[in-house]
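Following are the structures in question.
Here chain A shows up in two complexes: once beside chain B, once beside chain C.
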Partner chain A sequence: MIQNLVDGVLTGSIISLGAIGLTLIMHMLRFANFSYAELLGIGAYTALVFDKLLAVLFPALSGKIGALTLTGTLALSVLLAMVVAGASAVVIDALVFKRIRAKADALSMVFASFGVALILRNVITLIFGQKAQLYSNDIAFAIVVSRDPLLLIKPDQVFVLLAALVLMGGLHLVLTRTTFGFALRAVAENPVLAQVSGVRLSVIVTSVWLIGGALSAAAGVFYALTNHLSPAMGHNFVLPVFAATIVGGIGSVYGAVLGGFIVGIASGLALMVLPSGYIPAMPFLIILFVLMLRPHGLFGEDQG
Partner chain B sequence: MIGLISYLAFFATMAGILAIAVLGLNLQWGHTGLFNGGVVAFFGAGAYGTMLLGGPPEPGQFGGFALPYVVALGGGILIAGVVAWIVGLLTLRLRHDYLAIATFGVAVAFENVTRNADWLTGGARGLRGFPRPLEAAIGDTFLYGLFFLGLVLAVLLAVYLGLERLVNSPYGRVLRAIREDEVSARSVGKNPTRLRLESFVIGSMIMGAAGGLYVSFYAFVSPQDLAPILTFQIWAMLIVGGAGNNRGAILGAFLIWGAWTLSGFALSRFAPDAMQLYTGSIQYILIGVVIVGMLMWRPQGLLPERVTKTIYQKGAKKGSVIINKEVI
Partner chain C sequence: MKKNMTRFATLAALAIMAQAGTAAAQDCSVKVGVVLPTSVDWGKPIAETALWVAEMMNEAGGVNGCKIDPILRDSQTDPKVGVDAAKALVDLDKVQLLIGAVSSGVTIPILTSVTAPAGVMQISCCSSSTRLTDIAAEGTTKGLWFRTFATSNVQAAVAAMLAKDAGMKKITVLYKNDDWGQDIGKLATAAFEAAGIEVAGQIAITDGQPSYRAEVTEALGNQPEALYLALYPKEGISVVREWISLGGTTKMIGTNSLKSDEFRDAVGLQYLADFIGTDTSAPRTESATAFIDSYTAHFGSAPAGPGLPNSFDATAVALLAYHAAGKDATGAEIAAKVPMVTDPAGEKVGGDVEGFKKAIALLSEGKSVSFQGGTGAVAFDANGDVSAPAVEWVFGADGAISETRYIPLEEIGAFLASVN
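Up next, the complex of A and B:
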């Protein structure tokens, strides 16, 4: 019970990071982006490449940090992967979505996003292979926090949870304390009025792709650090991040964070009653449940 | 010669089955503007439904009611329709992309059930031994292949003619009106939510029929047959052929299935040994490129939707007589 709860909180923090950018994109560009979760995979694999590269260039950094399996090089690689994934999100938008946006309706974009996801996932498979990989082959020993009820926590998991909370806290400060944050929230609230007030929509959209890509990359690395890397990881996060955005209400950053934790914890607790093979469908049940009770989510507004 | 003919019959049977599913999708996406992100689930509901109702009994396994073929196929279609009805009821009055997300979720949930609910779906092993219709009466394998091709083409023709009638009727016009402008459709007293739900359910039942035919062709179904790529293939077929055009949908099905088969053959023949494990990925990338490329450069497809314009008849008083004329 308590173990499932703790694991759920951890998964939840990863889902939350992945959902923040998605909820803003869905709100501003008004389309469900099925390729968004592939950014997690892009981020995780980019970090793998940088990690190997940096370990050769700066062997001094390749030692483990404290009790973590996280190495100095991987910690740096996370930051680089965030930049790369953010940039890829912007490039994909410029290459595909912007062009389709210009001449077709929002549903064509949903359609195209499935195609983009298929391409991205299989390019990753071609480059890195189908097998699951790990950043480090060292065994991550879990610490027995309590024996009855049994609770095992790995140091990496504590790090991931803290790092995710720091990223979310940083985003909160940016949103509430900077002019850019005001502009972003203004666009999320009312794009037309924001433009009238001199906010450039295209700049905000680009920055949302950047932020979303970066946070997703962090989420991808965090998932890979506590589980493993596989080309299917992006695909496996599609439904959880959508569920988080729908639970929180499309367009609400705080809703997405809360929604992510709700989806993570619910999936963790569901393990007590459901065989693990059914857990991927859990976010779907949450979506149906929310659509029945509160179709616009916890913090969402009626968008018709 | 016999080998070639029987291979072509096999190819055409498969393409025909997929074409039926593409026609179902065309009613949803092409004519009503509904996004179905989980085609494979409705195809699969028809396949497993038909199998459970018409398959042979097996110890420890639910289903195997060995019902007559037509009843089993009808039941499979009905099951696909019920699944669509439930999903549609929950999502169709909301933001348009909610249906995309929910149907994608249905596909994930469906895959979970087919892989894990051993008592119902046989799990990863799947279900086997479906009695193919009239197989004993015909006997000869070659002749039976041709017979089955005929059966599939007959169903395809029936679905095509039925849909043509439907979409060219006033009902079809209302569906397109909803797709183009929901508010105007509502302002003239149409109920978009109900009509969308109907179109979604009918389209999904057609996909279920394709699934039912699939299981009767192979006499076997397992989660491997219903991989998520099937959804993408069926989309690529529709978007290449031309959304909103039923002939385009059938053309697209044969073209894409041909390209898929040929590319698979070419890759297995010419790709270096080290790459053999990844030929599937290369084919998936091709499907993705086809979808994205078509949407970017020719979103109307090879055979675009034929726009029906209403014009005033020559000589008649303005506004008195209105006829429909096809302008291409």
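Up next, the complex of A and C:
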């Protein structure tokens, strides 16, 4: 029970990070972006490349930090990967979505996002192969926190949770304490009114892609740190991330964070009542349940 | 393309020759239906092998002195096409014996909607679904159904054998949540329990999930002595790494699907020292080598591709049983003679013209024979299933996959008999 709860929180933190960007994009650009989760994969693989590169350039940094399998080079690589993934998100928007946005409706954007997802996934496969890859081949052993009830936690997971919370906290500060944050929220509320007030829409859209890409990259690396890298990893996150977004209410950053934790915890706890084969259906059930009670999600607002 | 055309023409010519020969040499012929996917590249050699056996049988004297007239139809691995072909053979050509098909998805509808209702014997070289075992066990097939392809049952039984030999008492089964995984997971659970090993839990692993933490935690809660893994490498890697990181035992038994370098590299050789794998194996018998030699001599290349020895044996056993039953026999009468051809106590006969001649003579005298074919000594159980030899494999110290133990057919048969 406690173990499932803790595991759910840890998985949930990764889903939350992925959902924050998606909820902003979906709200501002008014389309369901199915290629968004592929940014996790881009981030994770970029970090893999930088990690190997830095380990050669600065061998001094390649030692492990404390009880973590995280190395100094990987920690640096996360930051670089966040920049690269953010930039790729902007580039993809410029190449594909911006052009379609100018000419076609939201449905065309959704279809385009499917295409982009396929391309991204296969480019990753082309470069890195189908094989599962790892940052470190060593298995990080879990620490027994308590024997009865049994509670095992891996140091890496604690790090991931803390790092995710720090990123979310940082975003919170930006959104609530800076002019840029106000502008961003204003655009999310009402793009037309925000533009009238002098906010440049294109700048905000670009920064949302940057923020979303960066957070997804972090989520991707954190996931790969506790599991492994494979070209399909982004694809595997599509459903949980969408569920978190919808549950939280499209457009609400805090809703996305909460939604991520809800999906993670519910999937963890579900095993106690459902046979294991039905666990993948859990995100759908949560979406159904929440939408029945609150049709616009937990924090969503009726947009009339 | 040109090569394909030539091969197809050869096949057609062969079939025509068989028919022409019938008319010229003898005044009687026995029609045998063959439904195989000749239009797919791996299906063609399977069909060629079946026709080759018919050719050799004819050379050896045919069924009761009558020439065997195999009528080959393409199933295109499509259930509709396969059923149509089988229906035409049974209704129009009045065959009493049907050889085919390859895919279980084609074989099953033919069996349940064409051959079994019409009382025609059906034998397949290559269908592996355990659904066929269930259909036979339900009595739908009326004993008219046989196949020379081992089911997942063999691997499940071997896993139980190895676990028992290793003295394991409590195992948790983790299976891939698809047809194959559910099938083998269920079979392995039954085999473990039959061998007196407690199955502490059966956990489905659905592929493409972001995390298997919950599933692994559940397995950990069972406190098993070992894990049974019926998984593919992708989810296997996640599950096993998670399992070991949580302090789970490194004692694991895995299916042949984990026989992969990817799995070894990603999990890490240091954690796989106690890992035991199972797989079915080509028989290491003289008759299997003899099949390879004579196939190479006949077709000019060694048998490559799936199901060739199985196709050889299916056809040979069926035709010999046909002979034992007589040229006017019904499907049920032919099926009833199959045990005479695969009698372990009978005289051993090989799969060549000489062997067929000897078998035909002995069967005519009412004596049973033990057919030794490309898959070894063929022996069917009550549901028309065969067993197969198996191997135990491990990841060696240098990381190479090495087979550490060969388990012959007899040993698996004895184990299956002891637990049933």
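By our rule, the second predicted complex is superposed on the first by the 300 of 304 C-alpha atoms of A that agree within 3 Å, B and C clash if a C-alpha of one lies under 4 Å from a C-alpha of the other, contacts with A are read in each partner's own complex, and residues count from 1 in each chain.
Everything that follows uses one rule, which is that a contact is a pair of C-beta atoms (placed from the backbone, for glycine too) under 8 Å apart; a residue touches a chain by one contact, two chains touch by 3 or more.
Here the structure is a predicted model, which is why all the values come from computation and not from measurement.
Engineer: With both structures lined up on chain A, is it a clash or a fit for chain B and chain C?
Structural biologist: After superposition on chain A, chain B vs chain C: clash.
Engineer: For A:A87, using the defined touch cut-off, is the partner it touches chain B, chain C, both, or neither? Pick first, second, both or neither.
Structural biologist: A:A87 contacts neither chain B nor chain C.
Engineer: A:V158 in the overlay: touching chain B, chain C, both, or neither? Say first, second, both or neither.
Structural biologist: Once the two structures are laid over each other on A, A:V158 reaches no partner at all.
Engineer: Thinking of the overlay built on chain A, is A:I287 touched by chain B (first), by chain C (second), by both, or by neither?
Structural biologist: first
Engineer: Touch check for A:L271: first (chain B), second (chain C), both, or neither?
Structural biologist: second
Engineer: Once the structures are superposed on A, label A:L150 by its partner contacts, choosing first (chain B), second (chain C), both or neither.
Structural biologist: Once the two structures are laid over each other on A, A:L150 reaches chain C alone.
Engineer: Quick one: is A:A142 in contact with chain B, with chain C, with both, or with neither? Answer first, second, both or neither.
Structural biologist: Only chain C is touched by A:A142; chain B is not.
Engineer: Considering only touches as defined above, state whether A:P240 meets chain B (first), chain C (second), both or neither.
Structural biologist: second
Engineer: Output check: A:A186 vs chain B and chain C. Expected answer is one of first, second, both, neither. What do you get?
Structural biologist: neither
Engineer: Could you name the one stretch of chain B listed in 8-16, 134-142 or 206-214 that collides with chain C in the superposition?
Structural biologist: Answer for the clashing stretch of chain B: 134-142.
Engineer: Once the two structures are superposed, pull the chain A residues common to the chain B and chain C interfaces.
Structural biologist: 275, 277, 280
Engineer: In their complex, what parts of chain B are in touch with chain A?
Structural biologist: Answer in residue numbers: 33, 35, 37, 90-91, 93-98, 100-102, 104-106, 108-109, 111-113, 115-116, 232, 235, 239, 277-278, 281-282, 284-285, 287-292, 295-296, 299.
Engineer: Can you name the residues of chain C that touch chain A in the complex?
Structural biologist: Those residues of chain C that touch chain A are 177, 203-206, 208-211, 213-215, 217-218, 220-221, 233-234, 237-238, 241-242, 244-247, 262, 265-266, 268, 271.
Engineer: Report the residues of chain A in contact with chain C in the complex, numbered from low to high.
Structural biologist: Spelled out, the residues of chain A in touch with chain C are 3-4, 7-8, 10-11, 14-15, 131-134, 137-142, 144, 150, 152, 154, 223, 226-228, 230, 232-233, 235-237, 240, 267-268, 270-271, 275-277, 279-280.
Engineer: Mind pulling up the chain A residues that touch chain B in the complex?
Structural biologist: The contact residues of chain A facing chain B are 26, 30-32, 34, 96, 99-100, 103-104, 106-108, 110-112, 114-119, 121-123, 125-126, 130, 238-239, 242, 246, 250, 275, 277-278, 280-281, 283-285, 287-288, 291-292, 295, 303-304.
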